[in-house]
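Same chain, two partners: subunit A is paired with subunit B first, then with subunit C.
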Partner chain A sequence: MSGTSAHSPAELRRTAGGSLIDWVDRNLAFVFNVPTVVFLVALVAVPVCLVVLTSFTDWQLVMKPEYDFVGIENYLSMWGDGRWLNAIWHTFYYAFATVVGQLVIGLATALLFNRSFAGKAFYRSVWMMPMIAMSTAVSLVWILFFDASYGVLNHFLQMVGIEPIEWTTSPEWAMPSLILVGIWHHTPFMTLILLAGLQSLPQDPFEAARIDGASRWQVLVHVTLPLMRGHIMVALILRSIFAVKEFDTILAITQGGPLYATETMNMNIYFNAFDYGYMGAASAKGVVFFGMILAIQLVLVGLRRRQWSY
Partner chain B sequence: MPRPMIRAAALSLALIAAAPTRADVNWRQFEGETLNAIYLTAAYIDAWFRPMAKQFEDETGIKVRMEVLQAGQARKKQDIMLAGQDSTLDLIMLQMDNRGGKLTAAGHLEDLKPYLDNPALTPADYDYPNDWLGGCLNTERVIEGQPLNNIVWSAQAQQLHIRTDLFKKYNVKVPTTMAELEAAAKALTIDEDKDGTPEIYGFLARGWGNLATASFATYLFNHGGSWFTTDASGKKVSNINSKESVDAFEFYGRMIRDYAPPSALSNKPPQNASLYAAGKTAMLSELNFWHFLADDPKKSKIAGNTTTILVPAGAGGSFPNVPTTSLAISKYSKKKDAAWLYIAWMTRKSIMLEGQKVAVPMCRRSVWVDPSYTAPTPAWGASARIAADYGVAIAKPQAIAIGQMRDAAAAVINVAIRDGSRAAIQAEADKQAAVMTKLVEETEQGMNFAGVIPKFAKRMSPEEQAEPIKAEGLDKLGM
Partner chain C sequence: MVLLRRLLPRRAYKILEAVTTQLAMIAVVGPFFFIFFYMFWNSLKPDYLFFEPGVWRFEPVWENYTAVFENSDLVRNIGNSVVISGFATIIGLACGLLTAYTVARFNLRKLAMAILLTRMIPYITALVPFWIVYKHAGLLNTYTGLVLSHLVITIPFGVWIMMGFIEDIPRELEEAAWIDGASRTKAFFKVVLPLSTPGLVATAILCFIFSWNNFQFALVLGGFDVSTAPVSVFKYADPEAGGSGQMMAAATLVTIPVFIIVLAIQKQMAAGLTMGGVKQ
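Entry: the complex of A and B
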């Protein structure tokens, strides 16, 4: 014998810490959730509550640090702010256009990569590359592409006899330019989800359609897409959340300009809070923004759960 | 002598001896302290601040922990820390014509007068404000009755960088008036291969967003316009839609549209400076410290062929646009004495002379005439000194709501560059002037901003306007 004695669990429970171990045993589910709950409360619930509270004040960062409660004044006044209303339109314009573009191109490329062809692995890897690039780095590269004097885009346009475009400097072209960047940057993510979906589909319906003589288009419309509905909805939900929240690319490329033509809701909130110092008003806009995102996601989740018949 | 009298005399002598005199500031009195500073990123940080911080630590035992951030980020961080009354922030770098009014009105900056008057903290030969250039002092106070809450140290100026080789080659008159500036830009927009795309553009200035307001301001004031004026009732109102101001927008827009590379609208100052250094433009309207990029043989194709002159005079005169930089102390700092000691040390003549020698235009008059200092070019030296002497803080619309004001002015600049028609510029100027006036009403109750040309600003003579050109020997060109 080594002199040490082995204790059975029953003996351990009789020791000083035994009752604690017993308690943990009985409440494992609670104990394991404590870190997550603490994390969520500290980093999500508390800040959200503070933002909601701030939204009812006239707090200004520099000029009025000692705020007064102003009720729902911030929530009412924002609807008379033309710049904010434009920002709402820009947000959904950008989100809709980028997500639709990503869905169409992402689905097409997913269908392509679901087929066998030489060098598929290489092309697929290249296609996925933008997804792993940082937004700021992507933005800096696109700023060079868009350059009115020395950018490659205008160079190519001029080669085919088209007048150069003021990509990011004209209010008309600035938002389409950002949409182009958004589609380029995030389509691979859409491709990835949809490709995973395609590869997980049962093959029986496709065989049955082929035996029935369905054309490729008919197979796509009547078999593939309906079976992919769940995957498409997941991709749409994820991408629409991110598209509505898009910030860093816009800040880096246009900073919401020119003439506020690319100012989205979160850009407007950022400028109001940190450039202008209107923390109360910006918080109210943040709460409204959060509510809008939540509403959209509830609609999309509802659509996903809907019982579809074909 | 009776013993009590001897005692009294001895005590008096001892007190006199112990009392700090202006000659013997004890630079090591706060040895072991660490000061936290938030500074704006710029060439002078590595060229002057960092080496001097090391020397300061060696001499005083005080460590300065510098957080150097891009200007926008630095200002946001300063605002947040000051609003939170964070005592860990000691030193603030700021441009008074930007956030100065706002921070002053909010009372976030410490009054420095007691420190300046304290012989234990300020050396006898400090000589403030007598040794400070007039333009620097013009920019130091932006609100009537403002306490001395910053020490202005750097007098960078918006100047006109010119390619001396091109002016000589094409024998173009170096401009002293706006009409001559446009004529020079036209003459130096050179398309030798006649393919419709000039190899060299005549002119370049900021066109991007609210950054453009800083370089446009010189043209605004020189044309006789201004950001603000006072109406009949004495109320501060926007003046960007006056005839003179719209003239300035129209001129600035035309200069960029007709004589600058198409990318001017999206370029920020570093891109513009790079284009100029790459030899793509004949003139660049920018801060004078960019000369050191253009004149660096390792980074520039035009080194040795560039200098700076004053932005030409317009119908309203010539108002050098000097966005000076200051050092200030947070009102919530717990190390205010040590922080002042740092400011006093950094702005001593000998230390500012070190900055002057590494091409940071300084606010002390004496460093400009110090025998050990040589200007990078005669015209650069003359134009920088005149600007620092006559300069006014006009780079931004001085106001509490300065962010929105700059955005409003930028909207008019964008229309002026892209559209250019008088009617469109006037319409946008009217719209944005209304926005600015409303912001003044909402945010500046009971305040008196020096938003128009300060009454004390000196008027420059035509001879002084031409002095840098003459100093460089370019005054006979175009004759």
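Entry: the complex of A and C
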């Protein structure tokens, strides 16, 4: 905008120009973006083209290193692969459950942190810790927590008289266990996004509600939540994109097991490519996975364009 | 609460409210923090105590830490991680600052959207072609290879966070420098760069943490010689790798430094993270 304004020194000295600095000045928007664009083209755009190309081959590292182009065969055959279909289901099940859990706790904590009280800064930094902790490191703690015989969780359950649970070793409890870890790990981020939303709300509706004598609960249900609708939608989609991509904690805690019960799309592609060497098939799955995430992102962009742009 | 508000004198109600808020905060934050407490506490525990989870005896021993130092490649890989994340952060920060400046001042919405798209790519999708190219170019198990792969994390992130900080710097200051005869480039280095230092610090730390925590790139592209701390920590997930005490010692070693940084700069961190999360 101001790049073309009359103030711009490049404009003023266009006639005098000729030195390198003047050239840089005139083409600043180009020169400054050379490093970013070169890196991102080389590290993202080229790999994406390559993975699309590979996805049209039947390349297998061990069985078929001399690959042939097979067209869209990989894209068709994956829908007959029960393990892959299960992985898609697990991915969305995991993402939905973790994000809903994060939303409930995140909203409650955001409302708490939006008030002023003693020691707020301290509590907030403690609250933010899971978000910045290394996922493999916290997975180790959860592994000990989930231990069926000596774990802390079962110890607590026994203290209140509940039968111990086979947390990560039974197919029915493995996924809920990982969801628990996901909620613990990423709720602080949800809190942060919603807190930023709360702090950006206009104050007038709250004043009006107070004058009308609304109770706190009424203010929450009839003023805060409706005003927060846009922020909540954005936070939900944003966290969903991250949850769909979850990999570290799943690999560390269950390795996708038992009986593939916790294998997500990300895990499935990882095993297919780097354990079994099915590079062609794994590439096709990777492209589909990327496509799904882009679709979620497009919904987000569409929402923002309508009314909730910041 | 409403009833209490009417019944109690104003001052007593205030005190009651403060106490309930503190209790609520402890009830909410406590269970979330317990994981870290457990991590640190148990890293000082001899292994046989893990078979009695109810026993809360505190006789700290350091043998878990010495075992990790001796048996694991964790210490070496913490060094590797510092180097790899350090370079990835510096390059990501430089690219981020320059691009964020042009996006903010020239209103390059399309470029911003393109960079947002690169943030969406699942690392696993990029990893297949990365591995193929690295295999041919001999970049597997090298510093160059891992730094390049971590740029996929730091550059888009750096651009997005820096954009928010640059937008907060008033244009008028720059325009004043132009009127005084400075070139646009000079005004950028003499005016915008110093003013964006707080933003750069926050962005650098966030980029570093995201790169430091990243596991997937090094898992696939690293190797015996060059790998990163998360990979060393991950090896302890195998029950045969060492006792529970060593697991917790390894986890503590990579967690504590990050927490110290975060406690030191928590205000800027919150600002930066919010920008990264909200201003997409």
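As a convention for this text, the second predicted complex is superposed on the first by the 274 of 310 C-alpha atoms of A that agree within 3 Å, B and C clash if a C-alpha of one lies under 4 Å from a C-alpha of the other, contacts with A are read in each partner's own complex, and residues count from 1 in each chain.
Going forward, a residue touches a chain if its C-beta (ideal position, glycine included) is under 8 Å from a C-beta of that chain, and two chains touch if they have at least 3 such contacts.
The shown structure was predicted, so the numbers you read here are calculated from the model rather than taken from an experiment.
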Contacts of A:97 with subunit B and subunit C, given as first, second, both or neither: neither
First, second, both or neither for A:271, with subunit B first and subunit C second: first
First (subunit B), second (subunit C), both or neither touched by A:150: both
Which of subunit B and subunit C A:168 touches, first, second, both or neither: first
First (subunit B), second (subunit C), both or neither touched by A:78: neither
Partner chain(s) touched by A:137 [first = subunit B, second = subunit C, both, neither]: second
Contact breadth on subunit A, by residue count: subunit C or subunit B: C
Which superposed partner A:281 touches (first subunit B, second subunit C, both, neither): neither
Touching partner for A:196 - first (subunit B), second (subunit C), both, neither: second
Footprint overlap on subunit A, where subunit B in one structure and subunit C in the other make contact: 143, 150-151, 274
Residue numbers on subunit A that touch subunit C, as the complex places them: 1-3, 7-10, 12-13, 21-22, 24-25, 28-29, 32-33, 35-36, 39-40, 43-44, 46-48, 50-51, 54, 105, 108-109, 112, 115, 117-119, 121, 123-145, 150-152, 155, 184, 187-189, 192-193, 195-197, 215-216, 234-235, 238, 241, 245, 247-248, 251-253, 266, 269-270, 273-274, 279, 282-283, 286-287, 289-290, 293-294, 297, 300-301, 304, 310
Parts of subunit B lying in touch with subunit A, wherever the complex brings them together: 72, 76, 79-80, 82-83, 85, 102-103, 105-106, 108, 207, 209, 261-263, 265-266, 275, 400-401, 403-404, 407, 410-411, 414-415, 418, 443
Contact footprint of subunit B on subunit A as seen in their complex: 61-63, 65, 143, 146-151, 164, 166, 168-170, 255, 257-260, 271, 274-277
Residue numbers on subunit C that touch subunit A, as the complex places them: 1-2, 18, 21-22, 24-25, 28-29, 32-33, 35-36, 38-39, 42, 50-54, 91, 94-96, 98-99, 101-102, 105-108, 111, 113-118, 120-133, 148-149, 151-152, 155-156, 159, 171, 175, 178-179, 181-188, 209, 212-213, 215-216, 220, 229-231, 233-234, 236-237, 244, 247-248, 250-252, 254-255, 258-259, 262-263, 266-267, 269-270, 273-274, 277-280
